[in-house]
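Each structure below is given as structure tokens.
Here come two complexes built around chain A, the first alongside chain B, the second alongside chain C.
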Partner chain A sequence: MTAILTNLFDGVAYGMLLFVLACGLAVTLGLMNFVNLAHGAFAMAGGYVCMVLVNRMGWPFFAALPLAFVSAAAIGIVLERTLYRHLYARSHLDQVLFTIGLTFMSVAAVDYIQGSSRVFINLPAALQGQFDLFGVGIGRYRLMIIVICGLLTIALQMVLAKTRFGSRLRAAVDDPRAASGLGINVPQVFAFTFAFGCGLAGLGGALSAEILGLDPYFPLKFMIYFLIVVTVGGSSSITGPFLASLLLGIGDVAGKYYVPKMGPFVIYTMMIVILIWRPNGLFGRTAAR
Partner chain B sequence: MSASSDVGYHAQRQARWHYGEIAFWLIVLACGFAFPNRYLIMTDILRLALFTMSLDLILGYAGIVSLGHAAFFGVGAYAAGLLALHGIVNEPTLALIVAGLAAMVLGFATSFLVIRGVDLTRLMVTLGIALLLEALAERFSNITGGTDGLQGIEMQPIFGVIPFDMFGKAGFFYSLTVLFLLFLFARRVVHSPFGLSLRAIKNNPLRAAAIGIPVNRRLIAIYTLAAFYAGIAGALFTQTTAIASLDVFAFERSADLMLVLVIGGTGYLYGGLIGAVVFRMLQELFSTITPQYWQFWIGLVLVVIVLIGRQRLHRWVLYVPNLIIKQVAGRKAVVAVPESDA
Partner chain C sequence: MFERKQLSHKATWAAAVAAIAGLAGLSPAKAQDSVKIGLILPMTGGQASTGKQIENAIKLYMQQKGDTVAGKKIEIIVKDDAAIPDKTKTAAQELIVNDKVNFIAGFGVTPAALAAAPLATQAKIPEVVMAAGTSIITERSPYIVRTSFTLAQSSTIIGDWAVKNGIKKVATLTSDYAPGNDALNFFKQHFTAGGGEVVEEVKVPLQNPDFAPFLQRMKDAKPDAIFVFVPAGQGGNFMKQYAERGLDKAGIKVIGPGDVTDDDLLNNMGDAVLGTVTAHLYSAAHPSQMNKDFVAAYKKAFGNRPGFMAVGGYDGIHLIYEALKKTSGDTNGDKLIEAMKGQKWESPRGPISIDPETRDIVQNIYIRKVEKVDGELYNVEFATFEAVKDLGKTKK
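Then we have the complex of A and B:
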């Protein structure tokens, strides 16, 4: 019983992490209809920035996290303004080719700068180990992830639903032409959202070094996970990707624990079945554009 | 001349063999005799060309974007490896066909998943299928050899007469023959009314359906055929290298394949052949400059190609040849790349 609860807890932490990593992609892919396979590269950038700050320059872990966010967002906005924005109107094939190219470049570049082995971020002692709560083993690090990611999720939902920027974004997504007719600077809104999504990915990358492992092949290894979150979750709100991430996280952890030999088999099968059953995602809107 | 006979006239003219095409194949054949110590790399190029041709059939003609075409390549590769390893089908050409059919069956089965949904769903499903197969191959390591791959494959002589030699000469001409035969068939298919209906589907599925083309059936047919081609390419890989390992399913293989096709150009069948030559030469060049980081430059090539725009790039490349043709033959450009993707 306690093993189940511990697994559930780990699965939730894993799922929350996936959500923070992938929710930027939910915006670019789901809302802006841009196939961005290079999303993992931004996460990797954040992770490596955090690693360098903590391990080499002795920054405290919690101070390095915001910087991981900022640096990934900065890279995101530079790339968006210089490269991505020319490709919004192009075919999906072009977008796929372009972002695969970017991914390959990021993998080789990080390999060149930091070496190809897996890196670890030195964690403060307070985050190591686990404690028992009614007999259930709770990892401190995972608990922190759940707290941070949970707060982020709530904040995101509030921003989207309550603020002026949120309503602008929703308007821009629903009908870019009408939105710009109303005086909303649509490219600016998209650029800001893109950068914010990249920043979240960077933060997720920094947090995930401990759990998912951080090496130059990160963008390729987890690309499929991000895509699953978005396609299964749909794009009508952030609740869809959130639930999809939780499902994926719990499913993956449970799958690895109970049927270790089947490996990632469970996840891929689940994804294909869901996509066939509901091509627009479990919680998707009715018509994909 | 009525509009319909006009269309037929153009279709027939397109289908006719040009001198350029005959020259192209003669040059390929001549390469086999001109570079006797380059057989291995040339065989590799032929294999890649066949694999790319398979992607061209679905991407260039039917507009299906696939990120997991390596699935069929891998199935073909493992099928050929297992057939040879356990001595089930000893004769290589027969084994080749059986391996191709195995991939074809998978292609047929998965085509029903692929024709559903939009571009994005297709991307995901094809990618998912390739990853699934990779996971399966790793899981059933008692059959596939796991991460070590299939080892100790010994190929029997072709038709029981021509043995595979260590310089790869037999392998090269074997691959060339297979490629040429399959090319002839593909050429026939894409210029047939069936092929023309595929282009109609690619340009506008709704209109194609409105003029009475059974869209889904056509897509299933071409996807199955492309899977057969990819399976043959995979089987050739195993037969000429005597190895089948997990990386036949790798995502990088599918991604590289797209790059090859994009370099060569989609929708005229030669794209795969030209792209394969250019891609391998680029790869050689980059890996001599930076052995470990050639992937960076490959990625850069992709990014640059997309940013410049594929159509524009092909216009530039074809500018000089077309100028010469115009001057010499006094007619309009003969070599043109029909481009309009997804």
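Then we have the complex of A and C:
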């Protein structure tokens, strides 16, 4: 029984992490209809910024996390203004080629500056180890991930559903022409959304260094996971990728625990089964856009 | 007019400079007077640290010993294969056909070493393996010589050691690829033969993001120790999650071949790694004077500690130098291989030799424990198994 709960806990933490990493991609792919394979590069940027601040400059971990978000978002907005926006109207193939090129450049750049070996972020002692809650082993770091990501998800949902910006964004996505006719500055809304998505990836990158490992190949290694989350979840809302992340996180952890021989395949099997059942993802729109 | 004059003036100068440079370059590098070594290494990709260590070590060796042997100038040509066997093969072909190299060397991973094997046989030139560690490699071509290690060497030793030191129940966690399976099988053979019991056996995928579920399984199996083999880069993540899950507090030790506590990464792993016992060929803390000098020179030149990959490269280039000395500069492949067989020398890792029968390395395997020395983490050696041959050959 406690084994089940521990696995559930680990799975939720893993899923939450996947969500923060991938939800920016859900936004660009689903809302802006732009294929951004360089998403992982922003996550890596956030991770490395956090590492440099904490390890080399002695910042406390919790002060470096927001900086990871801000720096990834800043890089995002610069690239969006200078490069990405020229490709919004181009074909998906052009977008894929452009962003994959960007990914390779980021890998080479980080390898050149920081070296190719894996880096770790020095954690405060309070976040290390595990404690027992009614016999269930709870990892402190994973608990923190669940709390941070849980709060973020609620905040995101609120912003999208309740605020003026949220309704502008939804309008801009549904019908960009009508929205700009109504006086909504569509490019600005997209730019802001894009930057925010990059920021979230940066935060995810900083949080994931401890669990997934951070090295210059991060964007390539985890690209598949991001894409699985978005395809399975469907890209029309925040809830879809969120539930998909949780499902995949728990499935992956449980699969590796109970059938370790099949472990690595569980996540792919789930994806195939779900996509056969619902080709547009769990919460996809039925009509193609 | 003025402009043109200036241009031609410049051109004359350039031509003169080029001519001088050409003359200077020509005299020592006549074709017959140089020996070319094609170095195929992963300089990019997940194994890049292996490639960099080997390249560094070779540079260091050539700085120390000079770049001329038996009257021949040594020329190194580095090619990056990113540890992808197809690229290794292309690189080896180019080196052999276009550059006419006399040796191919390097090889970060087993598949890369195997991909080049038929080419070495065809071209009749020595292939010096400086990193890859699966036993079968040297059987694939009579021209392959190895200066790194085999996983059988360290895995059998740690298996024997564990049974004799009160570890009765072991759970294993190994990466699911050829070296991982080698490590697992040789460990199991020796550990169970001595009366130990393997209570849980998990193979983790090579590209594994999260060890958590596997570690939980280990914890629930309640073994005395976990036997771990993961590729060098993943050791840090493994150790961190091992501590996070409280396996250290549950009294479960970590044992294994030394890849998990590679010197390259060891110092960043945190205190959880303290007390880990591994069997391996090299530690940067090896107490010989030669190693102290080697570590100091390497640190001075490249700013970090050498790991076992660097030593493989250092000894590899040494073997090439010695072979050339013995043939007095003759670059006939068969003669070079003959000259390499049975070579014995003192390496930073300790005394080593090349087995004349298998062309594989014979070396001491040390049992080490991770301890803090002057505020840094090191593998401190406390027991030695002398002159260990590779036990993993299929043809006995």
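What we mean here is this: the second predicted complex is superposed on the first by the 288 of 289 C-alpha atoms of A that agree within 3 Å, B and C clash if a C-alpha of one lies under 4 Å from a C-alpha of the other, contacts with A are read in each partner's own complex, and residues count from 1 in each chain.
Please note the rule applied: contacts are C-beta pairs under 8 Å (C-beta built on N, C-alpha and C of every residue); 3 or more make two chains touch, one makes a residue touch a chain.
As the structure is a computational prediction, the values presented were derived from the model and not from experiment.
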| item | value |
| --- | --- |
| Contacts of A:I276 with chain B and chain C, given as first, second, both or neither | first |
| Which of chain B and chain C A:D111 touches, first, second, both or neither | both |
| Partner chain in contact with A:M158 - chain B first, chain C second, else both or neither | neither |
| First, second, both or neither for A:L102, with chain B first and chain C second | first |
| Touched partner set for A:P264, first chain B, second chain C, both or neither | both |
| Touching partner for A:H92 - first (chain B), second (chain C), both, neither | first |
| Partner chain(s) touched by A:G129 [first = chain B, second = chain C, both, neither] | second |
| Partner chain in contact with A:L182 - chain B first, chain C second, else both or neither | neither |
| Those residues of chain A which chain B touches in one complex and chain C touches in the other | 108, 111, 261, 263-264 |
| Chain C partner contacts - residues on chain A that touch it in the complex | 3, 6-7, 10, 14, 108, 111, 115-120, 128-130, 137, 139, 141, 210-213, 215, 217, 221-222, 225, 252-257, 260-261, 263-264 |
| Residue ranges of chain B in contact with chain A within the complex | 59, 65, 67, 113, 116-121, 123-125, 127-129, 131-132, 135-136, 138-139, 251-252, 255, 258-259, 262, 292-296, 298-303, 305-307, 310, 341-342 |
| Chain B-facing residues of chain A, complex | 29, 35, 83, 86-87, 90-94, 96-98, 100-109, 111-112, 220, 223-224, 227-228, 231, 261-265, 268-269, 271-272, 275-276, 279-280, 288 |
| List of chain C residues in touch with chain A within their complex | 44-46, 48-49, 52, 202-205, 207-210, 212-214, 216-217, 219-220, 233-234, 236-237, 240-241, 243-246, 264-265, 268-270 |
